[in-house]
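Several structures are given next for inspection.
Note that subunit A is present in both complexes that follow, paired respectively with subunit B and with subunit C.
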Partner chain A sequence: MSWIGRSLPRLEDPSLLVGQGRYVADLARGAAAVKFVRSPIAAGRILGIEAPEGELVFTAADLAGVRPICPILHRPDYIAVEQPVLAKDRVMFCGQALAIVVAADQGLAEDLAEQVFADIEAEDAIIDFEGALAEGAAAVHAHAPGNVLVEGKLRSPGLDAVFADAAEIVALDLRSGRQSAMPLEGRGGLARYDDISGRVTLYASVQMPHMLRTGIADTLMMPESDLRVVAPDVGGGFGQKMSLFPEYVALVWLARHLKRDLAWIEDRRENFLASAHSRDQAFSVRGAFAKDGTLLGLDADLKSNVGAFSCYPVTCGVEPLMALAELPGPYKVAEYGVRSRGVTTNTGMMAPYRGVSRPMLTLTMERMMDVAARRLGLDPLEIRRRNLIDTFPHRSPTGLVYDEGSYKEAMERAAEAIDVAAFRERQAKARAQGRHLGIGFSVFSERTGYGTPAYAARGMGIVPGYEIVSCTMDPSGFVEARIGSSPHGQGLKTALAQLIADELGTVPEKVRIISGDTDATPYGWGTFASRSMVIAGGACKLAAGKVAVRLKIVAAVLMQAKAEDVVLEDGLARVVGTNLSLPIPEVARAAYHQSHRFPEAGPGLVENATYDPGGTFSNACHACIVEVDVETGGVTIERFVVAEDAGLLINPMIVDGQIHGGVAQGIANALFEELVYDETGNLLTVSLADYLPPTIAEMPTIEIEHLVTITDASITKAKGVGEGGAIGAPAAVLNAIVDALSPYGVELFQMPATPQRIRALIRDAERKAHG
Partner chain B sequence: MAEKHAITLNANGKDYRISVEARRTLADALRDDCGLTGTHLGCEHGVCGACTVLVDGKPVRSCLMFAVQAEGQAVRTVEGLAKGEVLHPLQKAFWENHGLQCGFCTPGFLMLATGALEAEPDLSEAELRDILSSNLCRCTGYQNIIKSVCAAASEMRACPPSADR
Partner chain C sequence: MKPASFVYVRPGSRSEIVAALAEHGADGKVLAGGQSLVAAMNFRLARPGVIIDINRAGDLDYLRPSGDVLAIGALTRHAAFHKPPVEGPLGALLAKVVRHIAHYPIRQRGTFTGSLAHADPASEWCLVAATLGAEMVIANNNGERTCPAAEFFRGTFTTAVGEQDLLAEVRLPMLGAGWRSGFHEFSRRAGDFALAMSLAALKLENGVITAARLGVGGVSDRAIRLSKLEQELVGKPPSKALFQDVAASAQAGIRPTADIHGSSEYRSDLIRAVVGRALTEAAA
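Right after this comes the complex of A and B.
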């Protein structure tokens, strides 16, 4: 009986459902409260900081000797910048930490923080591309005049020729608003100091516990073994909890300095101000098309506002270089030219957020396909059909190798499910009644599960990618797998338990997955980039497979059979073709306690395995129907179809959940959410009421169609699925809005498509129509 | 610092004698003074609903109420939903229908739905959606939350759980 493919209710859930989850704030009772005093000014010189006497207040001067955070890319076009734990001479963005206060409880810490005054001589802040890239603009970082911290370029030799010969050139300027990943639980840490060993245990709401330990140990110049990092239950991350933030360095420093337990629990305002941002991007792209709709070449100028610093470990290259490498997406493009820049400003630091650049890449390609189709008189699906990749492996112009997928099939499946013909009839009827319905498609690829080669290719100083898993069956037949991945809501433990149960002939309830504790798990990279099911899953399969080999040797000796004739299933080691069998726990016990009888297997049942794959590509097509209220500019999503190919589904219910959540964040990106700075660099959107994350009232029901392409690029045959929803949804929504507004002939290239922006387009169109 | 007030907070049928400043929110008192950390804080400004508890049967954002205001009223939190080992129909439905991912919003949604369905067991899906739109979830896209709540609602109609008050 196989556990793979079953929608098993999650093993993670019971404790979370009864209020016994252990999030970091739940562990913090009794610890002193830490509060950061933050700069209200975006750019300026610090003249002095005044604090009340006799209280625990620390500034940069106290932290002398603590190194700044400074991640590296080995690229000639990268300029490294240093992020101090506390601002020293200058402030670089509104919300940067200036001082730390410590008090007995949170309320007292807040009172104390209000008595700390920073005297800052404000300077003009640079907020956006226009300001940063203007001729003679001041330098945000003195050693980086021009304000470009990373710049990738590429130009294939035949590019100019295809533009010269093109039947149609489509030129677009696209803009994506700045977003926050906005996990419902903010960041937070609890540092516990052990008097006897001098060791610190940092409980933190993070996605990469091992990386955090390395980063803190490097900045504090302490041995890693003096620090244990634990990610307990984590209330969502979506990339925002990957990076090494100054606050965690400060907590460990304080615990060692004051020799006591301390907790910092971020509040929502702080999360908006000082945690990571993303997606502040402006793309100018030209596509050269032949008469038949074939895309001949792409020429792109891509800009990402990376904020004031470079995120550790992936650096501020993460958005620009992803954009450079993956712009062509699911389309065949022979000629490609691109310049992609990471631009520094006096704003919050950019870091990965679910999708990283690909929501904007997909918006770019999918808007381009629709515009080109209209100009060339082609059906939007037909132009895609003519350009989608359909032979595998496919090599992109940037050298990426796409494994087998179902790009065209997914599109056809989505079109069928949403029933385009019936919709066009309904649309015509609605138009006659003055209602504006529209349909939009978005086809995309999601590169997932890539190991060290992909990160090495970016020139990262720290190269993530592999996973090591240690799998043990104990003498009672229970299994433990220790993983370096660090799930935080995905349900990974359940899915891995299903995978391991199949390898070892047991049940998922007897498989415990141990994660998120540097004392208890092998060094690993955590959970991000839709990687864990592929990479940690692959390593689990390999490690459990090695344990299975040993079990079979032991069982074969016990039953006087050949190891190759032993199968593990339903809790038994069985000899095929006979009625001989033994309960697996009995075999496991013998492996530990009678090991002298099995020299070939060796004692015990402990195995390690590593998996470091090259990567795989999931693919999908999103299709949606919207209604636009032309009076208010409001958009209602009526239907949303996802045809998704993520390879083999280990737990379909969990996969669907990932898609639902991703699409919700994509819709938020398309219609609602935006972090807005004023011209002085003051963040205006610092509450959930301003930032507008969607509630259930704004969410359509998502209809999912699964396609399953079996790939050789992943040993579990699973492809990653964590990001696809967020990647594909914005383009489908914007294309549908444009279709709905086709009577006005408007085009839309900016997200979020707020009612104000939609109304402005309609107003302009009406003004033009009336001369 | 403001003086502290000795109050008795009744949570899940149990009396907690605690001493709090007047400014202490009900959420902080439940979490820090009573040790009931199942009630979560996602914003502390009344928007996300993660802190939802029932006060005299009504859903309340515990980050917007002071602990001293709750004295003499019956507070119910997620810790009081299950009967020993037996999950409340809402908890069971959230488990079976994958109504949670990270679980941070879950206690708030469970208490909101409990309050709504105890007051009016016959709510339609549209009415439930309307009620649930007062809370935020960042992980699930809400699809399996509404599915879970509808499943629980029909089970609760078939065999109403005795409310413990």
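Right after this comes the complex of A and C.
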């Protein structure tokens, strides 16, 4: 009996559902409170910092000898920038840490923080592309005049020719507002100092515990072995918790310096101000189309506002270079030209957020397909049909190799589920009553589960990608798998237990997955980039497979059979074609306690395995129906269909959960969330009254159709699925809004499509109509 | 997100509260439901020296219909209006409006008079009080006085309630037979502050509007009662054209405030939409 493909309830959930999750703040009782004093000024020179005498207040001067955070890309077009743990001579963005205070509790720490005064000579802040890229603009970083920290360029030789010959050229300017990944739990850390060993244990709400340890140890110039990093229960990350932040370096420094336990628990305002941002992008893209709708070429100028610093380890290249590499998405396009820049400004640092550039890339391609279809008199689905990739492996113009997928099939499935013909009838009737319904589609690819080759190709100084898993069956037949991935809400432990249970003929309840502790797990990269099911899953399958080989050898000796005739299933080691069997725990015990009898297997049941795949592409089509209230600009999502191909589903319920969460964040991007700076670089959206994640009241029911393409690119046959919901949803929503407003002839290229932006488009159209 | 330190007192009755207010003067701040005050304190935007917690003053927890007014005591929670608190048009109106106030848990704690005393420009209850012409009962150590809604609201977070005063009671006029109401609010998400909202109450007799109340909230520093437009409605039969005209006049007469969620021009468009819809609902 196989556990794969079963919607097993998540093994992680019982403690979370009864309020017994252990988050950093739960562990922090009794620790002194750390509070960071942050700059209220976006750009300026620090003239001095005054602090009350006799209190625990630390500034950059105290941290002399601590190295700045400085991630590297080995590219000639990359300019490395140093992020100090505390601002030294200059402040670079509003919210940057200037000083640290330590007090007995949080309230006292906040009182003390108010008594620290920074004298800052303010300068004009550069906050947007216009300011940063203007002729003669001041340099945010003195050694990076021009304010471009990374710039990638490509141009295929035939590009100009296809534009010269094009029947239709579609030129679009698209804009995505700045967003926060906004995990429910903010960042936070508890640093515990051990007097005897001198070691520090840092409990932190992070996605990449091993990377954090390396980063902190390098910055503080200490041996990694003196630091243990533990990610306990983590309340969401979505990419925001995969970078090395100055606050964690400061905590470990403080613990070593003060030799006491210290906790920093971020509040929501601080999370908005000082944690990572993303998606502040402006794309100008031209598409050359033949008369029949064939996309002949793409010419793109892509800009990403990366903020004041470069995130460690993936660098500020993460958005611009993803944009450069993956713009064509699921479409065949022979000629491609692109310039993609990471632009530095006096704003919060950009770091990955679920989807990384691809929500904007997908918006670009999907809006382009709709605009081209209208101009060429084609049905929106037909123009996609004519351009979607359909032979595999497919090589993209940037050299990416797409494994087998179901791009067209997913689109047809979504169109069928949402019933386009019936909708068009309903739409016409509604319009006659003055109601504006619209339908929108979004087809996309989701590159997942990529290992070191993909990161090495970016030129990253630190090349993530592989996962190592150590799998042990103990003498009682229970299994432990120690993984370098660091799940934080995904349900990965359940899915891995299902996978391992199948390899070892046991049940998921007897498989414990250990993660998120650098003392207890092999070096690994954490959980991000839709990688863990593919890569940690692959390594689990390999490691458990090796344990199974040993078990079979032992069982074969015990039953005087051949190892190749032994199968492991239903808790038994069975000899095929006989009625011989042994309970697996008996075999396991023998492997440890009678090892002298099994020289071929060797003692014990411990195996390591590594998996480092090239990557696999998932694909999906989102289709949605909206109603637009033309008087208010309000949008209601009536239906939302996802036809998704993530390969073999290990646990379909968990896959659905990933899609639900992703679509919610995609809808947030499309309609609601935006971080807004004023012209001085002051962040205006620092609470949930102004930054607006959708609530359950704004969420439609999400209808999911699964397609299953079996790939050779993943040894578990599973593809990644963590980001697709967020990638695809915005384009479907915006296309539906434009369709709803087709009587007004308006176009929409900006996210979030807020009511006031939509109403402004309608107002302009009404004014034009009335002359 | 911890408040600055403060002294906490918890008087047990209305008279003890006004005595405490007299004692602490400008340092004192009344804590009722705390749904705005506590958040402001946690952000350290508000730093009251003395918190006067009125939640144990049982003599302020009442809803009293008496004659032609409904008297609402200072401890009456929003949730008390989930079902109509009185029979007739006023009760129906209040039950219709209350579900737009924030979220269910907040409505269990926040109070009607607390909303009025806080005077957020986007408060639904402030719009109700302004539009219906509520009367406020303001108490202090020297006795009590009444204040009409038109004089009560002075601007954003500013009212006629002085440093030593308690807004002890609010009296809403009962709407008699023949009155019907409509309310429409536009906000970004369910439970968010209104970007614009309108309350309309119409008295219809023999197919003609014989009296009207009309107000707009969320678009200015305080809720606006549109008295002139009320007069335009009176004497006419309800019609789509009439309501569209009145909505357009409302739009033309107000220059709305702006914030990141709505420019002045956008809110201006919303005024027309919400006034038209509130009137239509009232006449339906």
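As a convention for this text, the second predicted complex is superposed on the first by the 771 of 771 C-alpha atoms of A that agree within 3 Å, B and C clash if a C-alpha of one lies under 4 Å from a C-alpha of the other, contacts with A are read in each partner's own complex, and residues count from 1 in each chain.
The definition used in the following text is that a contact is a pair of C-beta atoms (placed from the backbone, for glycine too) under 8 Å apart; a residue touches a chain by one contact, two chains touch by 3 or more.
Everything numeric here is computed off the predicted structure, so don't read it as measured data.
**Q** In the superposed arrangement, does A:Gly198 touch subunit B (first), subunit C (second), both or neither?
**A** In the superposition, A:Gly198 touches no partner, neither subunit B nor subunit C.
**Q** I'd like to know which partner A:Gly107 touches here: subunit B for first, subunit C for second, both or neither.
**A** Both: A:Gly107 reaches subunit B and subunit C.
**Q** Figure out whether A:Pro52 sits in contact with subunit B (first) or subunit C (second), or with both, or with neither.
**A** Neither partner.
**Q** In the overlay, answer first, second, both or neither for which of subunit B and subunit C A:Thr685 touches.
**A** Only subunit C is touched by A:Thr685; subunit B is not.
**Q** Between subunit B (first) and subunit C (second), which does A:Pro583 come into contact with in this model arrangement: first, second, both, or neither?
**A** neither
**Q** Could you say whether A:Asp267 touches subunit B, subunit C, both of them, or neither, answering first, second, both or neither?
**A** A:Asp267 sits against subunit B and subunit C alike.
**Q** Using the superposition on chain A described above, determine whether A:Tyr23 touches subunit B (first), subunit C (second), both, or neither.
**A** first
**Q** Check the residue A:Gly745 against both partner chains and state whether it touches subunit B (first), subunit C (second), both, or neither.
**A** neither
**Q** After superposition on the shared chain, which partner residues are touched by A:Gly602: those of subunit B (first), subunit C (second), both, or neither?
**A** Touch partners of A:Gly602: none, neither subunit B nor subunit C.
**Q** Comparing subunit C with subunit B, which touches more residues belonging to subunit A?
**A** Larger number of subunit A residues touched: B.
**Q** Using the superposition described at the top, list the residues of subunit A that contact subunit B and also contact subunit C.
**A** 106-107, 111, 267-268, 687, 689, 695, 697
**Q** Looking at the complex, which residues from subunit C come into contact with subunit A?
**A** It comes out as residues 1-5, 43-44, 186, 188-193, 195, 260-263, 265-266, 269-270, 272-273, 276.
**Q** Within the complex, which stretch of subunit A touches subunit C?
**A** 106-107, 110-111, 114, 267-269, 629, 631-634, 672, 676, 684-685, 687, 689-690, 692, 694-695, 697-698, 754-756, 759-760, 763
**Q** Which residues of subunit B touch subunit A in their complex?
**A** 1, 21, 23-24, 28, 31-32, 35-45, 47-48, 50, 77-79, 81-82, 87, 91, 94-96, 98, 100-107, 110, 129-130, 132-146
**Q** Per the contact definition, I'd like the list of subunit A residues that touch subunit B in the complex.
**A** 7, 9-10, 12-14, 16-21, 23, 25-26, 29, 105-108, 111, 182-186, 233-236, 238, 267-268, 488-491, 653-654, 656-657, 660-665, 687-689, 693, 695-697, 699, 701-702, 725
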